[in-house]
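Several structures are given next for inspection.
Paired with chain B in one complex and with chain C in the other, chain A is shared by the two complexes that follow.
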Partner chain A sequence: MKITVDANGLSCPEPVLKLKKVIDGASEIELLVDSQTCVENCTRFAEKNGFAVTVAGGRGQFVMTLKKK
Partner chain B sequence: MKITRGKWSVVIAGVIIGLVAAVLGHFGNPGNMQLCIACFIRDTTGGLGLQTAGPQYIRPELIGIVLGAFIISFIKREHAPKGGSSPFTRFILGMCVMVGALIFLGCPIRMILRIAGGDLNAVIGLIGFVGGILTGVLFLNKGFSLKRNYDQPKLEGVAFPVVNVLLLVLLIAAPALIFFSEKGPGSMKAPILISLAAGLIVGIVAQRSRLCFVSGTRDAVMFRNYFMLLCYAAILVVVLIANVISGTFKLGFADQPIAHTEWLWNILGLYLVGFGSTLLGGCPMRQMILAGSGNSDSAVTVLGFVAGAAVSHNFGLASSAAGTTPNGRIAFVICVAVVFAIAIFNTKKSTAGQGVRA
Partner chain C sequence: MDMRNLKKFTACGGCVAKLPQGMLKDVLSQIPKFDDPNLLVGFDTSDDGAVYKLTDDIAIINTLDFFPSMVNDPYLFGKIAATNALSDIYAMGGAVVSALNIVCFPEDEDPAILGEILRGGAEKVLEAGGVLCGGHSINDEEPKYGLSVTGVVHPDRIMRNNNCDIGDKIILTKPLGVGIITTAYKAGEASQESYEQAIKGMQRLNKYAFEIAKNYRIHSCTDVTGFGFLGHLNEMTAPGYSISVEASNVLYIKEAEKLAAEDIITGGGIKNRKFLQDKVSLRGLSVPIEEILFDPQTSGGLLISVHPDDANALLEALSGQDPKCCIVGEVIPREDINVIVTP
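Here is the complex of A and B:
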């Protein structure tokens, strides 16, 4: 089941904290963030937790897709 | 494409910033204060006449940092006008952080520069800084949030860099209405062009590396991500080597440049800085970078720093080499109470779950 997390407008570490809350047991997560810094921080956290990350969008609108490896 | 940066990128960033600091020290910036966001904001506040009891000089380094961050964020298409995440609360937090920084005599970057100069008071202060961050993390884990920001008009995102250009014009034109210290730390300065160039380099490097003196420690604790700590280590090592070469390294507590030896207040001052900055989401330098990148919440935070600096010197809260002041100690108690109140009132257990749908 895919979970969507909307972290738009939130500054780090809040998006990572939101991700942390749902990451256990999830297989696919769609994460919406709005800054490159958040994309990098969330990617680092997701990869550490065994997820493959792809990112679409740019300039204030990013859709990150996290899939369990 | 790789999304995250390698470890070496932050090490290189640290080396560059360390070298820039060493160059600034060589060309005349104060001892162990080659680069300090809090002190330089205080100097600029004085230069504009908003405080008349402390150092006065519109520091070009800060202008360079903001403009560097603005230019590089624009080129990299990361510049985005954002704001509206509890701006007044951020202003107050900014004031409190500045009061703490001026009790210790420095922001986190100066803490590292002081340690690199052999100032053991700063090593003691580090305990408080980490303690403050841990307190902030406690609230973050319980759901602390200043709520989301929103897109803003283009002008809102460029206003802060424009103000900095105007400050530069003021500094160069030097009309009688701005102030220049004739003695003390405000009179110790590298030439304008070198300071400005140094600021531009730091702004660009800090924007690209996401350098933040709070987030590294915070993320190490919260997510076991030790990435940014390498950057601090790199700055420390480079400035330490530069100090040893130039003969300015002096290990000890007493007679350190622009520092006092009241260990408890060094701890408490930086505790306030660490706690407040964690709630703000970044250290004073990071706020400057974000303000340059279009974030008007950070611009408001910087105004909070300015107000904090004005209050600190006009009301005699700021410490000096002689030590803390009674007013400063009272202000500390008030500020810590305010920051705790902000933390408590903005912590709701449910917020971390908001915006999640299955």
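Here is the complex of A and C:
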């Protein structure tokens, strides 16, 4: 089941902390963030936790798709 | 009293909230240049405060700093914001004369909270030996506070940030990791003990360290704030020399390393890393330690460039008051990069 985490309007490390709460046991997560900085930080965190990350969107609206490898 | 319930209460307060360094440099390069022989230090050298010569014996230092809170207690916020703003005067080698409050506060919130912020700030101005003599307040959803401070210095004794001599040792007077700890603490991820350590440092006036340091052969001084340890160290470099750092000598709040390993780092730290990527070389460091070196500090310590023969004596004198002082590196002949960090 896909989980959606809306981290729009939050600055680092809040999106990572939100992600951390749901990442255990998840297979697919859609993560919404609004800054490139958060994209980079969350990508690193997700990859470290065994997820493949794809990013769509840009300019203040990013949709990150995290899939368990 | 607690500020957590205010409508807009940022997670990334303090100097973490600074605009990125690269952006500022681009914007400032586009505004008119001021050419006044009495302006001894302006913003062209990214120094801590501006210095304007009034007479041959007296120059005034102007500086201001304000930011959203990084703590929930308004009184503590006032103390930290004021300590941070006052610090630039010491980093320029001066003494505090007067200060004005800078206030942003929501008009529909409890005025007692604002009262606590201002009480904390005023106490620090008093401790610094200055006079609080006014201020300006704006209605704003998100509370912000700081000071505009005026100091004085003899024009011959200005402490620029990039006037080091090759061979100098660099001393840091407060432990790093404050940005990571305060941000993580707000999210319930850092311990009370680490948080206490962070706020203790943030409330400590750099006045005490500078008063000791000025008795030694010091050549440059700056304070560590939003651009992080490496960002401010980079500003200490000049075309004639580089600075080398031994990371194992740099003191930091221990838990910050564990938090950084879990990617609990601030947006400000990520921006600092990006800005510094071609200015700093990091050889063989663990990622969490790198994050600590990039971590934005609020009301951080001084970085002091001191004659090598005075370094140990100064460290010893400082350590009596600030036990977390450390010699972090030295000024070396110019290399192709500004700052070289090894484990």
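Here is the rule we use: the second predicted complex is superposed on the first by the 69 of 69 C-alpha atoms of A that agree within 3 Å, B and C clash if a C-alpha of one lies under 4 Å from a C-alpha of the other, contacts with A are read in each partner's own complex, and residues count from 1 in each chain.
Just so it is clear, a residue touches a chain if its C-beta (ideal position, glycine included) is under 8 Å from a C-beta of that chain, and two chains touch if they have at least 3 such contacts.
What you are looking at is a predicted structure, and each value in this text was computed from that prediction instead of being measured.
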item	value
Chain C versus chain B on the shared chain A, clash or fit after superposition	clash
Chain B versus chain C as contact partner of A:Val55, first or second or both or neither	first
Chain touching more of chain A, residue-wise (chain B, chain C)	B
Touched partner set for A:Ser11, first chain B, second chain C, both or neither	both
Which of chain B and chain C A:Leu66 touches, first, second, both or neither	neither
Touched partner set for A:Met1, first chain B, second chain C, both or neither	first
Partner chain(s) touched by A:Ile23 [first = chain B, second = chain C, both, neither]	neither
First (chain B), second (chain C), both or neither touched by A:Cys38	second
Chain B and chain C footprints on chain A, overlapping residues	10-14, 16-17, 20, 35, 37, 40-41, 44-45, 48
Interface residues, chain A side, partner chain C - complex	10-14, 16-17, 20, 35, 37-38, 40-41, 44-45, 48
For the chain B and chain A complex, residues of the former touching the latter	3-5, 76-78, 80, 82, 85, 140-141, 145, 148-151, 210, 215, 218-219, 222-225, 227, 281-282, 352-353, 355-358
Residues of chain C defined as touching chain A within the complex	10-12, 183-184, 187, 189, 262-267, 269-271
Touching residues on chain A, where the partner in the complex is chain B	1-14, 16-18, 20-22, 34-37, 39-41, 43-45, 47-48, 53, 55, 58-60
